[in-house]
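Naming follows writing order (A, B, C, D, E and F), and every chain is counted from residue 1.
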Amino acid sequence: MSIEARVADPRLSPRLRDLLDDVDRTLEEGLVPLRIYNDPELYELELERIFARCWVCVAHESEIPNPGDYVLRTIGEDPWIVIRDDNGLVHVLFNSCRHRGTQVCGADQGNTDLFRCPYHGWTYDNSGALVVVPERLEAYKRLDLREWGLHQAPQMDTYQGLIFACLDPDAPSLADYLGDFTWYMDLSFGMARGGMEVVGEPNRWVMAGDWKSAAENFSGDPYHTASLHRSTFFLRPETNGRSQPSQIGLRGNVADCNGHGASLILAAQDQPGFFSYPPEVVSLLDPAMVSPAQWDLASRMRFIFATAFPNFSWVHSGGTDPGNGVGTRRLSYMSFRQWQPRGPGKIEVWSWVLVPKEASAEYKDRSNRLSIAHFGASGNMEQDDTVVWGSIARSARSVYARKANLKINLQMGTEGMSEAKVMTDWPGPGLVYDRGLEEGSQRTILRHWLSELNRP
Amino acid sequence: MTHTVTSSYVKASDPLYADCLEWLNLEAELLDARRFREWLDMLSQDIDYRVPVRTGRNDPDHSVSFSTTAFHMLETWHALEERVRRFESGYAWSEIPPSRTRRFVSNVRVLQPGMSHEAQVKSNLLVYRVRGDLPPELLCGERQDVLVREHDRWRLLRRLVLLDQTSLPTQNLGVFL
Amino acid sequence: MSIEARVADPRLSPRLRDLLDDVDRTLEEGLVPLRIYNDPELYELELERIFARCWVCVAHESEIPNPGDYVLRTIGEDPWIVIRDDNGLVHVLFNSCRHRGTQVCGADQGNTDLFRCPYHGWTYDNSGALVVVPERLEAYKRLDLREWGLHQAPQMDTYQGLIFACLDPDAPSLADYLGDFTWYMDLSFGMARGGMEVVGEPNRWVMAGDWKSAAENFSGDPYHTASLHRSTFFLRPETNGRSQPSQIGLRGNVADCNGHGASLILAAQDQPGFFSYPPEVVSLLDPAMVSPAQWDLASRMRFIFATAFPNFSWVHSGGTDPGNGVGTRRLSYMSFRQWQPRGPGKIEVWSWVLVPKEASAEYKDRSNRLSIAHFGASGNMEQDDTVVWGSIARSARSVYARKANLKINLQMGTEGMSEAKVMTDWPGPGLVYDRGLEEGSQRTILRHWLSELNRP
Amino acid sequence: MTHTVTSSYVKASDPLYADCLEWLNLEAELLDARRFREWLDMLSQDIDYRVPVRTGRNDPDHSVSFSTTAFHMLETWHALEERVRRFESGYAWSEIPPSRTRRFVSNVRVLQPGMSHEAQVKSNLLVYRVRGDLPPELLCGERQDVLVREHDRWRLLRRLVLLDQTSLPTQNLGVFL
Amino acid sequence: MTHTVTSSYVKASDPLYADCLEWLNLEAELLDARRFREWLDMLSQDIDYRVPVRTGRNDPDHSVSFSTTAFHMLETWHALEERVRRFESGYAWSEIPPSRTRRFVSNVRVLQPGMSHEAQVKSNLLVYRVRGDLPPELLCGERQDVLVREHDRWRLLRRLVLLDQTSLPTQNLGVFL
Amino acid sequence: MSIEARVADPRLSPRLRDLLDDVDRTLEEGLVPLRIYNDPELYELELERIFARCWVCVAHESEIPNPGDYVLRTIGEDPWIVIRDDNGLVHVLFNSCRHRGTQVCGADQGNTDLFRCPYHGWTYDNSGALVVVPERLEAYKRLDLREWGLHQAPQMDTYQGLIFACLDPDAPSLADYLGDFTWYMDLSFGMARGGMEVVGEPNRWVMAGDWKSAAENFSGDPYHTASLHRSTFFLRPETNGRSQPSQIGLRGNVADCNGHGASLILAAQDQPGFFSYPPEVVSLLDPAMVSPAQWDLASRMRFIFATAFPNFSWVHSGGTDPGNGVGTRRLSYMSFRQWQPRGPGKIEVWSWVLVPKEASAEYKDRSNRLSIAHFGASGNMEQDDTVVWGSIARSARSVYARKANLKINLQMGTEGMSEAKVMTDWPGPGLVYDRGLEEGSQRTILRHWLSELNRP
């Protein structure tokens, strides 16, 4: 986008215009103003230009398997209903009566054939169509009910069981938006016969922190594990507090794949692949569901962290039963999550546990327990993430950071800094580095962020 | 599951009630003082400890609004011990410096036991938590416990924490409830 | 107001200018942007141009019957003292010492001859005059005490015992402001010999919701009763959950009366009039206090809901003793209230119970109990109102409502929509419809609102 | 009226104290579980239940700051039953879905009764309430109750709820205190 | 100093426990009712009353995070009496009109005394305070008290209030804790 | 500053420009807009132009006596570490990792040789230098560690044990900033052999109120004592509720001393000087540490209240042991404090007790108890101050104060108002009046405030 176009953007204050131009100038050298992680005016712009414009995940299909099943969700901070109608079609409906705006649904999940607005009784079916207007013949003689159904999200689509919505009618399709990044999504979401399913409702909590900190981290920040998560090394007898540098090399760091990012670790020779799925689950995986290259990589995968811009992330990894501590039993877990904006410097995390639908009940229980032990509000790993993201937001809102234009450092992986090299023989798409010691995916997230904000 | 209201409670003047009250108060004191090892010793090795996710379903008597599959915590003794070990490691950054907590245990109700070596105890719990210069957090709910008599001491065999919040107003759940 | 005049308004941001113009364009066809019910910038404008400019009710005279009696009140969010001075005159005084601004009164009601400012001891009498300045002879030799009394509200007046204040010295008089609407106020406030009196202090609570939602509703929204208040139909054996459409027809819907609105229900043949006052109270009513036309209508009144713009509303209705459930005993109740702005999407409700001063203590107690059972924080009716108004404010603050410019529907009663007809034989003033199935008064409230906001 | 402080309280070890404590805890449990019919059954048919408006009068010992005429609730048994009936109707939108509440009852004090079939009980009450995605609400105050022995059961004959707030920080008072 | 956790508590069924509980409840009632003179009479003339400043030191078991030199209050009986005299003067503007408080005392623990005329009592305290139209304030912490038997009455000989907040969320500390 | 320069200030909104010009017009006649004590936009400007530009006190040296000792402090609302390095030098370091912004220090005091950032492990020594970057050889080959130490406050200096920092690199030195005001600081901070030391950590609390109200008050507001603190007169048998006008005359009111202010009371003949230090402490005072004129004045001092702009104040006074009530035992106490901005109309008070380091432990304990009885969150005097400052902020945020441009009165001491006269024989620097009945120092604080805000 040219400077001229930007100047012409009437919705941007001069202060924001300067800030975005400043990001633009130094992002490629890995310098970013600290204040972007907590700025009230910028936050409003993010709601308008990112969350009301990009494809945002709103649910997993297994949350609403039956006709009439619904869940309440937010896009940015806005309230939407995700529902499966009587014909099995999924709708994303704005939770606001067309008459006077009342929320037509108060329960945050359930099953219904109708939404009856409490205020005056306008009633909508589970596809959002307005079906009853009390006293219509006397009071609304010219009202065309077909024009007054609940607002539907301008775009809705699914991929591998994940339901996405987009509030911009002119946005490209979900397929275009995800692009080649689906190649990596398939590994976690698209290889189990019968598909994946959520283990119940999302675990939710509200914390200090900026959604970008979380999105960047999950897009690929292997550098933080040895420091921030060191306490977890004490939970396994084989490490007992020491980090394992030898393992860090077997990486594929997806620095950029259509504006999204991921970080993968491949299994060493003596380690299990397929995300540590035990044999009973590996037997549920189907090579026909993916390409041979995907299957081959999956067979060597230990874990993946990934973010689809803006705020959808997942982790798929393995371990041993919590407290067991012995490294011999193979067990995998997977959590996908959203970093929901809840005001400047504040997020609500929604964290789901996902398992192969056809796995045994016992396996699902063990996987669920393992996931809870690592991620979610009480996760032994996630606890530590929450405090550093909160703490970044705290320093970012300082006046001094603004006045002195303090810059954070995202230089790992920029020209000459790191030994990390782009792999030419990597089987998957995107710009992929051969180790974790680079921050390319995090710059990618910010580049994506900048280009959306710069678009009037 | 969650809301069987009973009116045949043990009288507060009963020694069993006093035992349970003391147990809960001691537990709260240990947890507020972060003496996690001593707390672990108050738990049975067979403990089933769970904090289900609460939903906002339309649920007139709150009987179905707790998830049966999704949990904030779902723990065995060994899983709890692992969490304690983490805090002891010296690298659990989320609690360096530690959050300051205060547990208010009230509405203690003890159920006339079927078996003399067990006691069923319900209590209401309010946890005030504050750390650094972040605003204070309040977590609250009911706990449904089963204490069991082991070697002349009461130990916690089962705990179900029924939180009132669907989305936890806390930086993380780095506290035991 | 012409478009040119508006463009010249220097205090309006372009965004607000657009929003108000948008309202102007479509209000008459019954379409209004949802976002006006929760917008921080608009809220500030409302405080400046409506609450600091219109006549706002601040108390009932019976709250301060004796010299020195005072109550603390707010106009918008600003703190004022309403006091009766030693000569019996009522003053509305800004609660802020003229020296350094300290609030001179902390107690929210009481009786005093003096307000002594705690900070340095400047002391004012109960008419607001500055009477003591400590060390005056040495420290304030040239201070003219007459110029430093407490600020008085620029205008103050009363009507039927209600005390109103207006912060705009150039505003028209209270009589002009209320205009013909007093005709309807008289029915509830001006027919009892000896006047009306409050039953104690107002019941107050702070809730999510926009003040306009409440003001519109009380100005005339009979359409909502059958749906929102359906639970109360189960409390009377004669209805037992069914609504009573037959009763809905006997209405007078005052869609516009000098910018205010009301909704009346007339008694059916077998039903009591005079707001269900029992005979002992009817005997206190005095035909000489009103016109014959008012008296005649009052004799057929079952109930009224009304709003004097901006935020003064009342309900006057009847029923049976709570829990009694049998429809034979006649009993009336009346609650007047203010919807006090307390931030965007937030109001504090102040709700007073009013009774004829000369009624028996036993009647007052029964009427008070009946009022509490219906209205106030715990009211069986009002509880439900609070949640829908809060829920409208919730959807109104969504970014999507702003971006997609979602419109709510106020079309009932617009051209060709409803069977409701303007009555030509109606005895009272204003534009009055023959049934409740129209939303004219609610559009009137918004038109009034718009014209105040458009005035620089 | 409101603040007669007494020092001749019944000992906590007295069976009467235990009775009252149990009664209050059971009541709180029923109300939190929204078992309103069972709660009604804990009330005497002659109950006088009132929640006066609190003012901010200058009132050094809080003896006159409660209104004697204005009430948030002023109820007979039948009026309370009517409220319960409303909640049971299936159309009480303000509680669909229901708010989630937790009552913390503490500082229970029982007065040596003049008549053996009555007990005067004071307690402090903190109610945590949350609904939908609105912020949580805290209501608090003191309750002054009179329990009466009816057919071998204690029932509530009088309740005076002395709230600390002049303006209630709640969407509505759709809960019993 | 501050966090010796003891498990040899006096049973709740013990008369000593009942005494201490009653004492604490009565004290809370007097303070909430602003009957400060009567409260003073519950204190020993030799009382040592202190509310140390809490710091946010890294202090895994909260043993060193209370200041030993800096205090919010550090009082003798006469110093407390002076504060009460101020409130009685009619010119203590900070409490004209008075703030409205509610003390929630829970988790009462009584230590088996070494000397029969003394009792060591720990309790958790939550104070809800509101004044004018300012937002409500919550103060909370643990109290470690020593009661002493004087002339057949229990009086407070030592109080240590261990607040959870490093910076007090209150307009002023015009309340006794 | 000329009007033209102001108009050219691009960071000021027209509204703020008008407000500051309005202050400028009438400040000298003692009229100031009430709204400056609670205005969100103005507050932001104060953070930028005052707290991020003036010299702000951050600690007393005795808080960090040993190498590695540190305390967390704020400048405005921003988080800084004040630390003594291994060489004994004091540094003021921005608490934010240079890598991604995480706060490197969480504990609010302690002793450390290193700050290890939890997120990725970058580690700084106690002078702020970056000393460890994990995986540096592989990941940060070109990173110059010397450029990536923690940000140091642009300026830092100490005076009489007080550590000040200034975030504006172009600001004048601390010596120039304090100027002659040090003459008065010396009396309290600079006369004890061995220096002064804090009695432990600051007492902190968050209250409603504007920092300027507190700063003005401590700069010299003797007028408020007789009214606001009257309750304390009942605590001493010799006054028993009466104020003591005779004592009020023996004053030196420092209305302006380099933009700072103070108010002194001198001892009457039968009263002790030296701030009521008892003989054991007087013997620790050293005439050689000050000038003869300072020593002479100190020997006659009863107490001082003072403010160094913007938010550093102290009180140094005397009394008797709390509760003792008999006026014979001499005892002094001293509290210095900061009024920390915490949002519009909100401050956090930090209050330290200071004693001569070489005084006896018993004396320090008694002085500490006396200080606590008077000042701090529970202080018998300070309690009353807190509520009036909160109450000023409450009325200041009213819309009416803004619309009607209400002015507070600071006229005491302006032309012809007061008997107060500038003393020509006063031994100390500055413009000093002969009695307390004038508000010159408070106008000085506001003039200083205005000139900083007017500077782009």
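We take it that a residue touches a chain if its C-beta (ideal position, glycine included) is under 8 Å from a C-beta of that chain, and two chains touch if they have at least 3 such contacts.
Please read all numbers here as calculations on a predicted model, not as lab measurements.
Colleague: What's the overlap between the neighbours of chain C and those of chain E?
Modeller: Looking at chain E and chain C together, the chains touching each of them are D, F.
Colleague: Counting contact pairs by residue number and requiring over half to coincide, which of A-D, A-B or C-E is equivalent to E-F?
Modeller: Match found for E-F within A-D, A-B or C-E: A-B.
Colleague: Write down the chain pair with more C-beta contact pairs when A-B is set against A-D.
Modeller: More C-beta contacts join the chains of A-B.
Colleague: When the C-alpha atoms of chain B and chain F are each averaged to a single point, how far apart are the two points in Å?
Modeller: Between these chains, centre-to-centre, one finds 46 Å.
Colleague: What whole-Å value do you get for the distance between chain D and chain E if each is reduced to the mean of its CA atoms?
Modeller: Inter-chain centre distance comes to 27 Å.
Colleague: State, to the nearest whole Å, the distance from the C-alpha centre of chain C to the C-alpha centre of chain D.
Modeller: Their C-alpha centroids are separated by 31 Å.
Colleague: Of all the residues in chain A, which ones touch at least 2 other chains?
Modeller: Correct list: 106-108, 118, 228, 384, 387-388, 394.
Colleague: Give the residues of chain B that touch two or more other chains, as numbers and ranges in rising order.
Modeller: In chain B, the residues touching two or more other chains are 12-14, 56-58, 87, 93, 95-97, 104, 106, 126, 132-133, 167, 169.
Colleague: If I apply the definition of touch given earlier, which pairs of chains qualify?
Modeller: Chain pairs that touch: A-B, A-C, A-D, A-F, B-D, B-E, B-F, C-D, C-E, C-F, D-E, E-F.
Colleague: If we count contacts the way the header does, which residues on chain C are in touch with chain A in the complex?
Modeller: 14, 34, 37, 223-224, 226-228, 384, 387-388, 391-392, 394-404, 406, 408-412, 416-420, 437-438
Colleague: Show me the residue ranges of chain A that touch chain B in the complex, using the header's touch definition.
Modeller: Going by the criterion above, the answer is residues 72, 106-110, 199-208, 228, 230-235, 241, 321-325, 348, 353, 368-369, 372-373, 376-380, 382-384, 386-388, 390, 394.
Colleague: Can you tell me which positions in chain B touch chain E when the two form their complex?
Modeller: Against chain E, the touching part of chain B is residues 12-15, 17-19, 21-22, 25-26, 28-30, 32-35, 38, 87, 95-98, 100-106, 126, 128, 130, 132-133, 136.
Colleague: Going by the contact rule at the top, pick out the chain E residues touching chain B in the complex.
Modeller: Residues 3, 5, 7, 9, 11-14, 17, 54, 56-62, 65, 104, 106-109, 122, 124, 126, 138, 140-142, 164-165, 167, 169 of chain E touch chain B in their complex.
Colleague: Where on chain B does chain F make contact in their complex?
Modeller: 93, 96-97, 132
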